[in-house]
Amino acid sequence: MIPASLQSQYTPLARPPSAARPAHVLLACTGSVASIKVPLMVQALLKYAHVHVHVVATKASLHFFDKDSLSPAPYTTSDLAALNRAAGTPEEAALHAQVPRVCVWTDEEEWSSWTQVGDPVLHIELRRWADLVLIAPCSADTLAKICHGLCDNVLTSFLRALSPSTPTWLFPAMNTLMYLHPFTAPQLEQVQTQLGYQVYGPISKRLACGDLVGTGAMCEWKDIVAMVVDHFGLQL
Amino acid sequence: MIPASLQSQYTPLARPPSAARPAHVLLACTGSVASIKVPLMVQALLKYAHVHVHVVATKASLHFFDKDSLSPAPYTTSDLAALNRAAGTPEEAALHAQVPRVCVWTDEEEWSSWTQVGDPVLHIELRRWADLVLIAPCSADTLAKICHGLCDNVLTSFLRALSPSTPTWLFPAMNTLMYLHPFTAPQLEQVQTQLGYQVYGPISKRLACGDLVGTGAMCEWKDIVAMVVDHFGLQL
Amino acid sequence: MIPASLQSQYTPLARPPSAARPAHVLLACTGSVASIKVPLMVQALLKYAHVHVHVVATKASLHFFDKDSLSPAPYTTSDLAALNRAAGTPEEAALHAQVPRVCVWTDEEEWSSWTQVGDPVLHIELRRWADLVLIAPCSADTLAKICHGLCDNVLTSFLRALSPSTPTWLFPAMNTLMYLHPFTAPQLEQVQTQLGYQVYGPISKRLACGDLVGTGAMCEWKDIVAMVVDHFGLQL
């Protein structure tokens, strides 16, 4: 049972969302080659109206895409905390019009933004903000961390602090033999039954590592975008 | 069953402890905001007679306090090993009078102090030394590591090598929603039933992250100090 | 059930192996003091004919031996991928005559060798290559990672992607009290029953940390070499 004070304070979303209350999509990405699709997903989502995207990237995921390619505007944990404080107040709509539509957060911001008691904590502010969480791609290592409660970076700390009432979709992406490893199936089962996540995929295709067709690939990125569009009723 | 050669070799403690045989308190601290209380706990303990405190700090915990604020004297793994070798011998009392009353150990010392076979291993020397272990604060991540036998730093290596006969008190400290996460309760149960740790707290209060009153805060640091004073019968 | 396309493509091994098809031994070593024995094991194996050794070293293991002492020749992930592509073709024998007999791989190569889709992935190429895997020594931390599916470095990623049909021998090496920790026995049981690994040792001897005789030491390195010699029928 989550105390009311810990639930989202934002104005409930309309369908479609509005300029005053856009949808908040948190895209968490990890050290799988499929992270090369992160910029494509972000750019496709931003073509729709009234949706904001915050990318939370592990250090390993940044090997696969250039965060600057997402052109994130300067935005700090304090800015995010100010928006969260305005949630449910008359200022919420005005602030939504001012904030950037895309941000990228890494472990660096998690630590640099906290210097004394009272400063906002990034993974907590992200939890307050998110309407929908995509873990896309979810690597074998991050899946294992989630299943054991490990939280050694901003992505897994965010997930550990996330309210069970926030819908969370997990898109596994790993080499076929990693996927066939005896621990994968029970761990994917565990995140569904114990944590309430939805798991989509993996699918079968030629993998980046050169293995012939096998199961383990992330769902097609266009399908993931379409699911988000459908979930919120986004419009172009 | 722990072989006799692996049990503490130190002279049994009197109540209260003496100058010749002070109490050895090992304070293990982790990446929770409550680590800001570490210097307060150390300074309060040192006001009592005949108690020595070794702080074992994870890298993340050092974001929350300045180890130099504890004014640790120069002291090396070799010095600690020399004291441990003197345990139970006539030299033990004289060495106890010479060693600093407070030390801070980090992963840096763990690796820098070992260069060849025969050199002392820090986490093993700490295990030989400790009369009482406080994990205060214990973050969600360190709790998860302990519960799965992971030992990737000096703190968790020390705990993995600790004799079950050494009393170990664990003081959880985490955000309320991290505490409410489905894995926290079973993990706190597991450290008690499988590892024999005592768990105290967390308590309810306004948290550093700004959440309204919720459970997850570390026990009051003064209460932790009082428990140690009571355990050893320390006197001012 | 492993798809045929994911099984080893190499010419089956003769007994003893031949110049055209030498045995491929993958020696995975971790952060235990017993890693000081890695160069001895490699040099002893290379005295035999028609055996190649690839060492996969965690960062912590490199505290205990100098990888340059193994005199590895320059060899890249692309070179290894080329050999793997030649497996089962007429070029396999010629390439085997050209490649170095010993390589050392670390996390650095894992990341530096991948810059775009289509580039070979080191832990996948190693999986394709290995005829026999030795985890020697296996530290308490790496054992725990394996048992929970964690794969945050090239060694554990390789193991997570390894075909169950590749024989894998695990040689634990840890301090006696780490070995006596309640989680060690079930984890050693788990790698055998759930992952099909063979566990050998640990044995009782005086440990590097100075503890008197206790169980936890890695099997004698000469015995490990003898097991490999026997497994493949190697000849001097």
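A, B and C label the chains in the order they appear, each numbered from 1.
Throughout what follows, a residue touches a chain if its C-beta (ideal position, glycine included) is under 8 Å from a C-beta of that chain, and two chains touch if they have at least 3 such contacts.
For reference, the UniProt names are A, B, C = Flavo protein.
A quick note: this is a predicted structure, and the numbers were derived from the prediction, not measured.
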Would the interface of chain A with chain C count as same or different, where same needs over half of all numbers used to appear in both copies? different
Quick one: how far do you have to rotate chain A to sit on chain B, C-alpha fit, nearest 5 degrees? 120
Please report how many Å separate the Cα centroid of chain A from that of chain C, as a whole number. 36
Counting only residues that touch at least two other chains, what does the list for chain A look like? 148, 150
Could you list, by residue number, the parts of chain A that touch chain B in their complex? 2-3, 5-6, 81, 111, 114, 117-118, 120-121, 124, 127, 148-152, 157, 160-163, 194-195
Using the touch definition from the top, list the residues of chain B that touch chain A in their complex. 33, 36, 63, 140-141, 143-145, 147-148, 150, 175-178, 180-184, 187, 208-214
